[in-house]
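Each remark here refers to the structure printed beneath this line.
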Amino acid sequence: MNSWLLTSIIFVPLLGMGTVLVVPPHLIRRTALLFTLLAFLLSLGILPHFLGTPIQVFGADYQNGFKLVDRLPWIHSGGFAIDYMVGVDGIGFPLVLLTTVICLLACIASWNITKSPRGYFALFLLLETGLLGVFTALDFFLFYVFWELTLLPMYFLIGIWGGPRREYAAIKFFLYTLLGSVLMLIVMLWFFFASNDQGAHTFNLIRLTTPGVLPAFATHKAMWIACFTMLYIAFAVKIPVFPFHTWLPDAHVEAPTPISMILAGLLLKMGGYGLLRISYPILPHAAAVQAVAWTLGILGVINIIYGALCALAQTDFKKLVAYSSISHMGFVLLGIALLTQAGFQGAMFQMIAHGITSAAMFFLVGVIYDRVHHRDIPRLGGLAVQMPIYTGLAILGFFAAMGLPGLCGFIGEIYVLLGSWQAQVLGPVGAKVLTVIAAVSVVLTAGYILWSVQRVFLGAAKPEYEGVPEISGREILVMAPLGALAIALGVLPWQTVFTFVSGTLDHILKLVA
Amino acid sequence: MDGLTPEHLRYLWPVLALIVTLGAILVGALIGREGSGRRGLLAAALAGLILAVLLALRLNPHSALRTPPSGDWLSRYLFLDPLYRFVIIYLSIFLGGILLVSNSLWRRPTWEWPVYLCLLIGSLIGMILLASARHLIFLAIAFEMASLPSYVLVGFRRFNTKSAEGAAKYVVFGAVCSALMIYGISLLYGVTGTFDWEQIVLRLAVEGVPPLAVAALVCLFIGLAFKISLAPMHFWCPDAFEAAGADVAAWLSVGSKSAALLALARLAHILLPSISPGIRDHAILLVAVVAIVTMTVANLSAYWQTSVKRLLAYSSIAHAGYIVCGVLVLADTAGTAAIVAYILVYLLMNLGAFSVTGLIEAQNGSDHLDNFVGLGTRNPRLAAVMTFFLFSLVGLPPLAGFAVKWILLSTLWQHELAFVVVAILANTLFSLFYYMRIARAMYFSSPQPVPSLQLDGGSPLATIQVPGLMVAVLAVCAAGLIALFLGWGLLNNLSLSLFAT
Amino acid sequence: MLEAVIFFLLAGLAVAAGVAILLSTSIVRMAYWLITMLIAVGGLYFLLGAYFVGVIQILVYVGGVAVLLVFGVMLTSRQLAPKLRPGRGEVVWLALVGFVLLEALTLSILHTRWQQNAMAPANSVGEIGRSLLGEFLGPFELVSVLLLVAMLGAAYLARPKVPTQGPQHAKGTTVP
Amino acid sequence: MMGLTPYLILSAILLVLGIAIVISKRNAIAMLIGVEFILNAATLNLVAFSRHGIGGLSGQTAALFVIVLAAAEAVVALAIFLNFYHTIATVDIDQGDQLKG
């Protein structure tokens, strides 16, 4: 019954961590690469299970719609019923694949880490295990454990290998996330003891979505609003949504390049995924409340506009990319908040697209930083002359983030905007107003991306960058797959993403509506 | 004499073994040449502890000999239930670990070693009996038996100003609290005419609780709260821990606190369900407020500390505040079980953290936070295990500190004490700050030579040598924290089984 | 009647001793007032007919503890801190709190229904001995261990600094 | 014939005096004296209860134990104070300022 495929994907990096800790120093990098590659190859094994079959989830049966479920009893004592239970559905599986891809590329991008590489790669692999666990866990307790497991390695990766203000950034990241975790813990307690699954309490995320399993929640409005709010804050810290976003620029700027890739590409997705996996299916009544939709929608729009405006004002290249992340993740929140099919699909697509483009952008910034040792946009310029190949790849990456049609960023944004235009939940006019405001960001995004491209790559070659080496083969190896994915997702959105996610998303939407 | 049956005698054997060990060490020290035979005495002490554990293991884990005091001799003074057995095993093993650590850290003249061992074993006997006492005079004596050696142990580093001062503060504070406790006992005796806790409770349940008995119970609580270091009886704790050696601090932080906690839990467990709901609610509220104040004050004070032992002392006060919340839950045995599970894991975390601190102190002559700077590069393994202990103290998965906090929180939540849950979680957030200061020092700050801290010509930046026995202790603690997280169902089962009767 | 007079005399003495200690600044006087209180309380035991406890009180407390205290005072009291006298505000505050506490305790005492019987006949030493080895056998045994450990600890602390006996000891003793 | 109540009230007064001494004095030995007051209040209670027929003889025996405990505690406390005095040549608790926080 258990296929062990997901389990092996999750724990291969952990095994890698153990191996990294004992191998001789010159083999550390290769060992880490081997294990991330192994995880990636294994995760490709999920793909056949999702080809050709329409995906339905959350059926009456436990595993209907969830593939590759591994289930083992973990703690069954003193009234607890906690299982080790992992499985993937349409929204989990693309994120698992994204995780293994980005981690593989980030591992290659980490090749030039020189400061205690053993610790670095050990924590890196631990982080990958945590991320994979979050995207596959089907037991709330297990989800929480993996959620927290991503916290510790990230704290040290920023704090030890980060930039000059790394201590501050690391502790800020830690605190914000732990605040969210604490609230999630309360909700977890609440759900567990309120649940009644055939006479027993349960942590099972699938059972919790079943109507009637949380009897008290069906009648007490205040209860589900309270739980929804606490969960929302936990996830909003990760997305990150205004006003919980302030850790992000610090953390991104201080983190080393590969860690920024993972942070932007994967960690932020934990928030959006959490909303889709836990908040909306388990508390559908709360999600359907107009005030909730308004709040989330407005916060999403604020994120979009505020992030874009801040990005426009930055002179630090990495900070610019960080704020653009905030702006792009705003689309995820907006798409989810307004409860339309197109919005949900757009949000999910945007998560994956942003995973690719933000990883690419952070990597591109890192490439420049390695060469010129600063990220000050006004001091850069004319790099196109010295580094033509790099410039080509960079422009591809940045345009993908900008939302140029044909590249991946476009699809997500346009779907979200389409969805929010059609939304019913805010009355006839409200959603349209939000849509129009959000659409303004397209101009802003184009503004800061084009402007920075112009300032960094175009213009006359500056003498101080004479002889800056061109992008290396290893760096192309990282960038090329990201570029290819950006094009593939942009050209074939249905075949690459929507076909997998739509069934699951429709089902979640059905629960809410 | 009234019935001292072999069955009851078996319950006495472990304690007798410890007393004999104590005597043997004294005699051994007298016979042996002064200043020799440290290893032999250590071996004797460990053998005595192992013997006590083995004898305790032979006890029937399920029989609860709570017969009336007329029935036999021993159960007149002690609750001879599974918890008694647990306390012997738990504290003896813990003291074994402490002795291994002490042996590694020992820098004092050899002739002091047997005194040290005897004091530790003496306090162990006191703690075991304190945790199980049912006869209040016996409880008071056990309390002193646990306290007096502790006072001396804190001041053990003679002619050290800090140590002498810490011991003086500790003994004055302790004397006041124990005197108040004894006054409370005398009042309870007057109200009920007996010293036996079960009969006292019976009397109070039948005849109601007069105001004088309330005053008496508060006095009793003050005494135990002193040992547990609940606010406002916690002031001794940072002073004493900073004054004491790291090993003694570890012993006190876990040993005396858990003994008093178990005593409190046991007394409350019998008392509170029997008395009228009005008084019970007030008692619960009182304990809840004390617990919340304790954890908040401790966590807020801890941030400013630069002495790591002092910081860990505040951490132990905060944890005492968390653990005592288990007393709030009376409807079933889950509350006490949560306490047992927590102190089990707490032992591992604190023994580990204090041992590492002791190593640093032994190396550099001070436990100032600066001495931890750069430990991440100087000795990555030591820094890694210290990080384990710190994160477990914060209560983060995947370490056992999270599991026990979870057990405690879920127990509280089930009994609709959500405000306590919120207080504990908020305090967990606060506590992150100061635990992270140690982690930050170890990893984030770049090591810089601190000339003033050099001792014995050794540079603070030199790699720290960890003695073999210490490696074993630290490895067991760290591995235990992961194992008990993965298998915390076992932990839960074990602690629940102690109250299965 | 005579009993009442003696009671109030002794009680007055004990309370006066306490008040005197509160007001005193000299640690030596405090120690002597303590002895006064101890003797007064011992007298009350005799008045109650608890002769054995009274004897022990005089022997152990007055003869042992108090003498020890006086020795302690003699050995340490060269520097008397002037701030030993409580400040005026402190006195008021203390008096107030003390009064409230006392009031509460007294009221509770007066309102408790004691299950008291007639004055029990005076006990012989033999009966107390039997009780010591009967009901109190456990505490009796434990207290002997306690005394052993306490003596060991006190002796350790009071032991004068050991003269250095060679290099390995010299190193050991100087390490804090 | 004196009743029980006067003894109890005297004991309460002694307790309050003891607490007041402990709180108001900063000298370690003076604080110990306050502790002796509290302990004597407790023994007085025990003996009075016992002699007025509450709990039989056990109150008096318990009083003996309290006296022994007080003695043991005083011995240890004085040893610690002496050591403290030897070390920093004072027994005034406030003068120790090595331990801050």
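Here the chain labels run A, B, C and D in written order, and each chain numbers its own residues starting at 1.
The rule we apply is simple: a contact is a pair of C-beta atoms (placed from the backbone, for glycine too) under 8 Å apart; a residue touches a chain by one contact, two chains touch by 3 or more.
Since we're looking at a predicted model, the values are computed, not measured.
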(request) Please identify which chain has its centre, taken as the mean of its CA atoms, farthest from the centre of subunit B. (result) A
(message) With contacts counted as defined, which of the two, A-B or C-D, has more C-beta pairs across the interface?
(response) C-D
(message) Taking the mean of the C-alpha atoms as each chain's centre, how many Å separate subunit A from subunit C?
(response) 70
(message) Using mean CA coordinates as chain centres, what's the gap between subunit A and subunit B in Å?
(response) 44
(request) Would you kindly tell me how far, in whole Å, the mean C-alpha position of subunit D lies from that of subunit A? (result) 65
(request) Would you mind pulling out the distance in Å between where the CA atoms of subunit C average out and where those of subunit D do? (result) 5
(message) Multi-chain contacts only, two chains or more: what residues does subunit C have there?
(response) 105, 109, 114-115, 135-136, 139, 143, 146, 150, 153-154, 157
(request) At least two other chains touched by the same residue of subunit A: list those residues. (result) none
(message) Residues of subunit B that contact two or more other chains, please.
(response) 137, 141, 144, 148, 151-152, 155, 158-160, 162, 190, 193
(message) Which label fits the chain touch graph of this model best, line, ring, star, complete or other?
(response) other
(request) Sort out which chains touch which and give me every pair. (result) A-B, B-C, B-D, C-D
(request) Provide the residue numbers of subunit D that touch subunit B in the complex, in ascending order. (result) 8, 15, 18, 22, 28, 31-32, 34-35, 38-39, 41-43, 45-46, 48-49, 54-56, 58-59, 62, 65-66, 69, 72-73, 76-77, 79-81, 83-84, 86-88, 91, 93, 96, 98-99, 101
(request) Give every residue of subunit B touching subunit D within the complex, in rising order. (result) 137, 140-141, 144, 148, 151-152, 155, 158-162, 164-169, 171-172, 175-176, 178-180, 182-183, 185-187, 189-190, 192-195, 238-239, 242-243, 301, 304-305, 307, 310
(request) Would you pull the subunit B residues touching subunit A in the complex into a rising list? (result) 334, 337, 376-377, 380, 391, 396-398, 402, 406-407, 409-410, 413-414, 421-422, 425-426, 428-429, 432-433, 436, 440, 443-444, 488-490, 492-493, 496
(message) Under the definition above, what is the set of subunit C residues touching subunit D in their complex?
(response) 3-4, 7, 11, 14-15, 18-19, 21-22, 27, 30-31, 34, 37-38, 41, 44-45, 47-50, 52-53, 56-57, 60-61, 64-65, 68-69, 71-73, 75-77, 79-81, 83-84, 86, 90-91, 94, 98, 101-102, 105-106, 109-110, 114-120, 123, 127-128, 131-132, 135-136, 139, 143, 146-147, 150-151, 153-155, 157-158
(request) Could you pull out which subunit C residues touch subunit B in their complex? (result) 104-105, 107-109, 111-115, 135-139, 142-143, 145-146, 148-150, 152-154, 156-157, 161-162, 165, 169, 172-173, 175-176
